[in-house]
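This is the structure, below, for whatever I ask next.
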Amino acid sequence: MSKLLQVQNLSIEYASPRGVVKAVDNVSFSIGKGEIFGLAGESGCGKSTTAFGICRLLRPPARLAGGSVVLDGIELTELPDEQFDKLRWSKMSIVLQSAMNNLNPVLKIRSQLMDAIVAHEPDAGKEAAKRAEQLMRLVDLPADRLDSYPHELSGGMRQRVVIAMAMAMKPSLVIMDEPTTALDVVVQNGIIRKILELQEQFGFSILFITHDLPLMLEMCDRIGIMYAGRLVEIASRQEMKSGPRHPYTQGLLHSFPPLYGPKRRLEGIPGHPPDLIRPPGGCRFHPRCARAMTQCSSREPAVLADERGQVACHLYNEEGLSVEQASAARE
Amino acid sequence: MKTIIRIAAACWSAFPGKKGKLGFVILVWFTVIALFGSLLAPYPKNFIGFESWLPPSFSHWLGTDSYGQDVLSQMIYGTRTSFWVGIIAGLITTVIGVTVGVVSGFKGGWVEESLMRVVDLFLIIPTLALMIILASFLPSMGIVSTILIIGCLSWLYMARSIRSQTMSERQSGYVEAARTIGMNDAEIMFREILPNIVPVILANLVLVTTQAVLAEAGLSFLGLGDPTNVSWGTILALANANNAVLFHAWWWILPPGLAIAFFCFGFILIGNGILEKYRANRGNAAL
Amino acid sequence: MRYNSVYLLKRLGFAFITLYVAITLNFLLPRLMGGDPASALASEKALGSQEVVKALKAQFGLDNPSLLYQYAKYLNQLLHGNLGVSYANYPSPVADVMVKALPWTFGTVLTATLLSYLVGWLIGIRGAWKAGSLFDNSTLFTAFFLNSVPFFWIAIIFIMIFSFYLEWFPLGQAIDPGIDSFSALDKIKSVLYHAFLPVFTLIIATLAGHILVLRNNLMRVLSEDYMLLAKAKGLSAARRKYAYGARNALLPSFTGFMTSLGHVIGGAITTEIVFSYPGVGLVTFNAILNHDYPLIQGSFLFIAVSVIVCNLIADLVYPLIDPRVALN
Amino acid sequence: MSWGKRKKPLKSIAAFVLALGLLSGCSSAGSPNQAASPASKGGAAEPAKPAEPAKKGEPVIYHLGETVNPEQVTNFNPFLATGNWSTFFDYVFDSLYYFNPVKGQLVPRLADGEGKWSDDNKTYTVKLNLKAKWHDGKPFTADDVLYSFNILKSNKALDRYQLWGEGRLADVSAQGSDAIAFKLSKQFPSLPYYLTTVYIVPKAQFEKENAAEFLNKAPIGTGPFKFRSVNESAIVLDKNADYFLGAPNIDQLFINRFNNSSTLTLALEKGDVQGSTGTVAMPSVPKLLENPVNKLQVYPGLNTFSVIINNEKPALSDMAVRKAIQLALDRKSLIEKGESNGVFPANPGFLSSVFGDAVESKLIDDPAYGYNTNESIKLLEAAGYKKNAKGIYEKGGKPLSFTYHMAANAPAQNKEGAMITSWLKEIGIETTVKLVTWPELTKLLMSGDYELLQNGIQTPPDPQAMLEIFHSKMTAPNGTTAPGLNYMRFRDADVDKWLDEASSADAAKRKELYKQVQNRIAEKAPLAVMYNVGGHIPYRTDKFTGYNEDLPVTSALSLKQVKSK
Amino acid sequence: MSKPLLHVNELGKVFGSRSMFRKNEFRAVHDVSFRLEQGEVLAIVGESGSGKSTIARMLTNLIPATSGDIMYGGQSLRRDKRLGRKLPTFVQMIFQDPFAALNPHHTIGYIVGRPLLVQRQWKGDTRPKVLELLQKVGLTPAEDFIDKYPYQLSGGQKQRVMIAKVLGLAPKVIVADEPTSMLDVSIGVDIMNLLLDLKSQEQLALILITHNLGSAKYMADRIMVMYAGQMVEYGPAEQVIGEPLHPYTKLLIYSSPDPWRDASLTMEIIDPQGMEIPKTGCAFHHRCPHAGDACRTKSVAVTKLGGERQVRCHLYT
């Protein structure tokens, strides 16, 4: 699978009255063509900030502090604004959380859809109108809804419109930031199935961001887990399901009460996420980690990449074995 | 002395941002003049012994007016009146505005409907015109009636703003939480909600204070104020009535107007600072 | 048509109630405040003779002490379009006096309000778009400052600078006294020439508020997700600024536009006095000085009705420009 | 729908409203003169600056500045107490006699010389000047005069000076075609003064209307100027070329209206107007006079500003206290600082100096009634007052502490009030200032619900009337409404007797009695006089000349003589 | 029949503004009945707008019911006015948003101590009792927390404070309205565990309002599924999740993401975009693959099946 997006050592920080917040710290990952890559983590872990950093939508005071983002061979971080604006939507579109706020309340759906087309093909004209209708059909919405205002649609319909809009220029990458979080499960299910269907049809890649690990395990090809601004683990869906390696991922996965199987006590993760202005030294997860060792608090764990994915934890050495296993083997 | 410095330092850090601090400096400046005016003023109040229309000089920093009064001294005494009119009328407005706003915002239903209809209604009628009517038909005019008229007619916007703030507070969970433990309405309104909207009240207080100062100046200018009390408005009214323009006596026209402007400017800066800080705090709290 | 009947009825109903309250207030306020115009007039001109006072009272319908009777009479007259007869201008009907003054005030107030909004909006949009820039900070500071300056002071300063020192504009009044013999074009020129300073004063005095409101609104709108999405879509800055940003920021201030008329008319009273401008403000002020109840009532009624009508227009236009209101 | 399409209508609406607003303004500017101007429109003169010297063939226009409310020029019916502007009538109408406030004399207008008293002094016969003609060309007749006086009889409200009041006119009738006989029910030697208050109107025009409600938009008079039109800025009058006392030299008289005296003063300074009938900002006068082309005419008037004292209130009933107050007023300072020398010092005996030799003029400069605080204090101490801890004089535990009412809305007067109260403080009299509206002030005066009150007292142009304000028949006890102007509640049997005697005495005797009254007033100090307000008329001499300074220079009779340089 | 701790009988709530111009009514809850015994956990599950939060608010008397009745220990909330005043000591509520439910202006000590004073359960200094309560909910050392302000606490800690506050009045029933939905999942589990522990320790009855079937299954003994203001299914938790009866319950379970589910499970889904809930017949018929004519016209009553199970569906009548 060739790489569509390559994110290298991405760092994003912002100044707050109390100090500099390192919201994203040295995050690296890549997404293949036609791949659905999930970025999961709890609130404040930097997953959305990473997405905004990739498509350069960071709002001040947040700023890119380093790293590179290469999309289809183009280095995005150094691209001048005008060129980047041309690239927006045509190569990379974004779907934001499904709040009312996604659509301009005073413009009809039609003109908002057409806006996206005309901005890139100023001569589209009539053809743009036709395409707007096609887009609506794409997401199973009747074309007459084009003349509605956002407030006249239900939350699920609005989100479908936003997805339709994201398809407008047939981008190669769609970034979806919690696209279904505010929706009810039944509606969410419909939209997720629609997204998968469209992805199959057009073959674009998806960067899917959510805190809902079970949902991600149902739909993503590969999954990255973020904690406190760092990417702690990347693994394929199968690997994730069969047993994640990082203690945080393990804890997270066991925090979701399952629907099936016998009832058993869940443990969760004790403590709470760190203050990113003064993050703990070494591995940022160590204060909450049941398996923390002395070195965890002093040394930042190296990233171990192998056929199972990648993981940043002192428990695993170069061979991909856990430290305990390694010491056991030595004796 | 130390405590004063400490209080001042606390105030200084309490005023948010550069703008807020600038506003604080302006406020302190006027407060000092208002409180210690009689010590600061070079000549006694209403002393008329000087030559008329003297331009600014070392003995008369702001010259003299047509009556041979030292403009600087009058300005300093005027500060006191304008200051207290602003503050007291502002407080009256705040008491009414907060009560109406909190009660209507909290109670909802017909209480809110009727109170807000009244507010809407009176918002349509131009306040200054109403003040003029009241002021000119009052059988006797004094500083107290000026304060009362201004205080009682300026609460409409404030009531609205406090109401909407109360409504948003009412929706936040702690009000329901207070209900579920059996607190009564008055307790919820004044113990739970009120402390949380203090910044909004302060910001509004600051605004109505400036409005009161402006209204006092307007009424005084129309001759509806209390001329026995020197205020910035009466100084301007006198300057206009005595045709200071003809005498090129800019020293009589500019200072009162600038004083009003700077005073209000300082207050608005403070209000803006408080609101900005409040919004920022709320924003952070929601994150 | 986006109207729904409930919305329409509600707005109309409110307008009528407001009108009724305004009418009643107009009747009550001056009377409750005390004062007796007939005796005052009599003592001024007739050396305090009780006989003349009685005659004057009868003339103005004040001989019946019952407030209720006077109220009924007042309402009845109003229904017949009769606002009564001005005391100070006896026997001129109040309506005549008002009709002469109204165009002047409305001309200046409407012109000033529109221009002030336009300029204020443009500055506010630019400031919010470039928040934190030198332009933004300087306009913000100027606006804070202008917001604190009394209308009449600006008027005096303008007269001093532009009329007295520079002699660019007349010292006041609305037209050249020799208008009688002017051609139509010269009349218009004369009117515009005389209106310039009063309008300019009103603009300067109200500009700041509009700048601040629009700037704040736009700042809020700019933080909305759809603005982010608009940027992500690659829309041009102009389209984001106006169609997405400014339009959403303008709408909430539209109703304010109409209600601010009342505020501007209030400010116009002092301004008209400084400029000797023959509008409603001057009439009201003189009426108050003369204790001319019917004229005060009339002038109040005219102001109130105009503002109520403007509000109603705003309410009716609003659904046409903001799709969200229609649902309500 | 796109933004581009939206923009246009918005812009055009703005432009439309703008144009609408301003056009509605000018259409109304045009309408009143179209409606009111009977004369055809003059040639399209260019909007030249009014003050420019007249070029050949252009009318000579005199611009007179006046502070008058816009609404006050809507009606030109001289009978009405309200809704009109009395100064205007002097230019368009004539009365039988004109009271010249500069000389205190009567000047015949429609009357042909002085009238004649019958032997019993109960009939006054005035001969009419039948050369007069109405502006519409109709002849002036005795009927017009009869109508003008009899209408006051049938409309009590119009008879503001009570000509038909008790003991006054009984009948007005024609004596042939050129004389009018005024029959009195009792002797009333002041009658000629009262005749100046009635303008003679054309019966033909007025009898069609109800004089008490007639809204006269196109006045027809006999006066030196004809009404032409009125607009928002001016009343335009044309000269009456046929005026029976001689046609004016100027072609047009513009009465430029200003709402406030400050603007009027600036207009004078700039030369936009050449004169004013009097209302200028007094403190500006010295500045105006710095320019040698500006002149100021000052004459005493009938309005006396005073600290009115309620003689029935405790402590104030004590003559020593009243006297102390009188002596504490520095009239010179008041006149200099407060009124910029635009007024005349008042006579402690009250009669205005306008009345010439009837005035006991020595009182004005008598140091016994002049500013002297030491004397005040001496008087108080002699009367048994002692200073208390606060420095206020008191007797029997009651300090000399009074309320001091004055009108709100009058900055200059309030300033003077502040000066006065501080002087009173110096002599140990404490005052609490209360500002009230003007009608309220009148109410307080009438009911006697006050202690000290600063206000003017205006009387008819008649020395008897001026002094009669001290007659006890003009007062009533506190709490009841005074029937006349004796608001002081002053009672003095001698004064009553002398005034009654004067009302039917001959001229010489009257003068003598008046002087007695004045001396008594000065001595008893029922009120503390400040100054007489009459005329203070600024005018420019750069473009016009020929003012008659024996008359108010901007009065009709003087302006008639004015000509352009 | 012994009196249950809580008995809800045909509860209904109609919201509406009856203005001059027209009636604007919305039936939020309709004909809901259930009972709750000591130590029992009932989960009320449904999507937004299903009426589950309205029930919670009626149970705590925050809003009055428009029909039906709520009985605590046999006392009717509707008829017994005195119950209203002392209701806080009987039932307490934990709110969805701990960030908002704690007054930012007060200290933790004040917030937790206040109910004791308001309900006159304590006299004088509440500090020792507050410390004890904080300890009970795992905020240790309690001394560190008592003087803090809410903003100094993390979300999970705030929710613990909320629980401590609620425990102070020793209620018999706790209504928890989505107590974990605003929290991170790893923290939410702790809160759920805390509630379960407290339930056993204090012999409480718990009503859990949630949209998450997983949490419902994890916490509850019984589950009640709400749809459009009506209860559509009721039964023991294991059974409702394991063998759902009502088509809506099935849909809900099918839609809930769970990577461990049987991947072969498929379901016919009818998605009527934007269609409003039908006013006649079964409220679910427009989305129901099994809908027949009766479903479209006839309203449905609750059918009681064996093993405590209840369902509101024509398929089971």
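Chains: A, B, C, D and E, in written order; residue numbering restarts at 1 for each.
Keep this in mind: contacts are C-beta pairs under 8 Å (C-beta built on N, C-alpha and C of every residue); 3 or more make two chains touch, one makes a residue touch a chain.
Chains and their UniProt names: A = Sugar ABC transporter ATP-binding protein; C = ABC transmembrane type-1 domain-containing protein; D = Solute-binding protein family 5 domain-containing protein; E = Peptide ABC transporter ATPase.
Only a predicted model underlies this, so the values are computations on that prediction, with no experimental measurement involved.
Looking at chain B and chain D, the chains in contact with each of them are C. Compared on C-beta pairs in contact, A-E and C-D come out with C-D as the pair having more.
Distance between Cα centroids is largest for the pairing of chain E with D.
In terms of their C-alpha centroids, the spacing between chain A and chain C amounts to 54 Å.
Centre-to-centre separation of chain D and chain E, using mean CA positions: 85 Å.
The distance from the centre of chain A to the centre of chain D, each centre being the mean of the chain's C-alpha atoms, comes to 88 Å. In terms of their C-alpha centroids, the spacing between chain B and chain E amounts to 49 Å.
Residues of chain C found to touch two or more other chains are 34-35, 159, 164, 239, 243, 247, 273-274, 289, 291.
The multi-chain contact residues of chain D, meaning those touching 2 or more other chains, are 2, 266, 409, 437, 440. Contact of a single residue of chain B with at least two other chains is seen at positions 136-139, 222, 240, 245-246.
Every residue of chain A that touches chain E in the complex is listed here, in rising order: 42-43, 140-142, 153-154, 156-157, 184-186, 188-190, 211-215, 217-218, 241, 251-252, 254-261, 263, 265-270, 272-273. Across the complex, chain D is touched by residues 34-37, 39-41, 43-52, 55-56, 58-59, 86-92, 96-97, 99-101, 103-104, 106-108, 110-111, 114-115, 118, 159, 163-164, 167, 171-184, 186-192, 195, 239, 242-243, 247, 273-276, 278, 282-283, 286-287, 289-291, 295 of chain C. Looking at the complex, you find that chain C touches chain B at residues 14, 17-18, 21-22, 25, 29-30, 33-35, 144-145, 147-153, 156-157, 159-160, 164, 259, 262-263, 265-267, 269-270, 273-274, 284-285, 288-289, 291, 296, 300, 303-304, 307-308, 311.
Residue ranges on chain D touching chain C, taken from their complex, read 2-3, 14, 17-18, 20-30, 32-33, 37, 41-48, 50, 61, 63, 69-72, 74-75, 80-83, 155-157, 159-162, 165, 212-215, 228-229, 231-234, 236, 254, 256-260, 263, 266-267, 270, 272, 409, 437-440, 442-443, 445-446, 458-460, 481-485. Those residues of chain D that touch chain B in the shared complex are 261-262, 265-266, 269, 281, 283-284, 287-288, 333, 337-338, 340, 408-412, 414-415, 417-419, 422, 433-437, 440.
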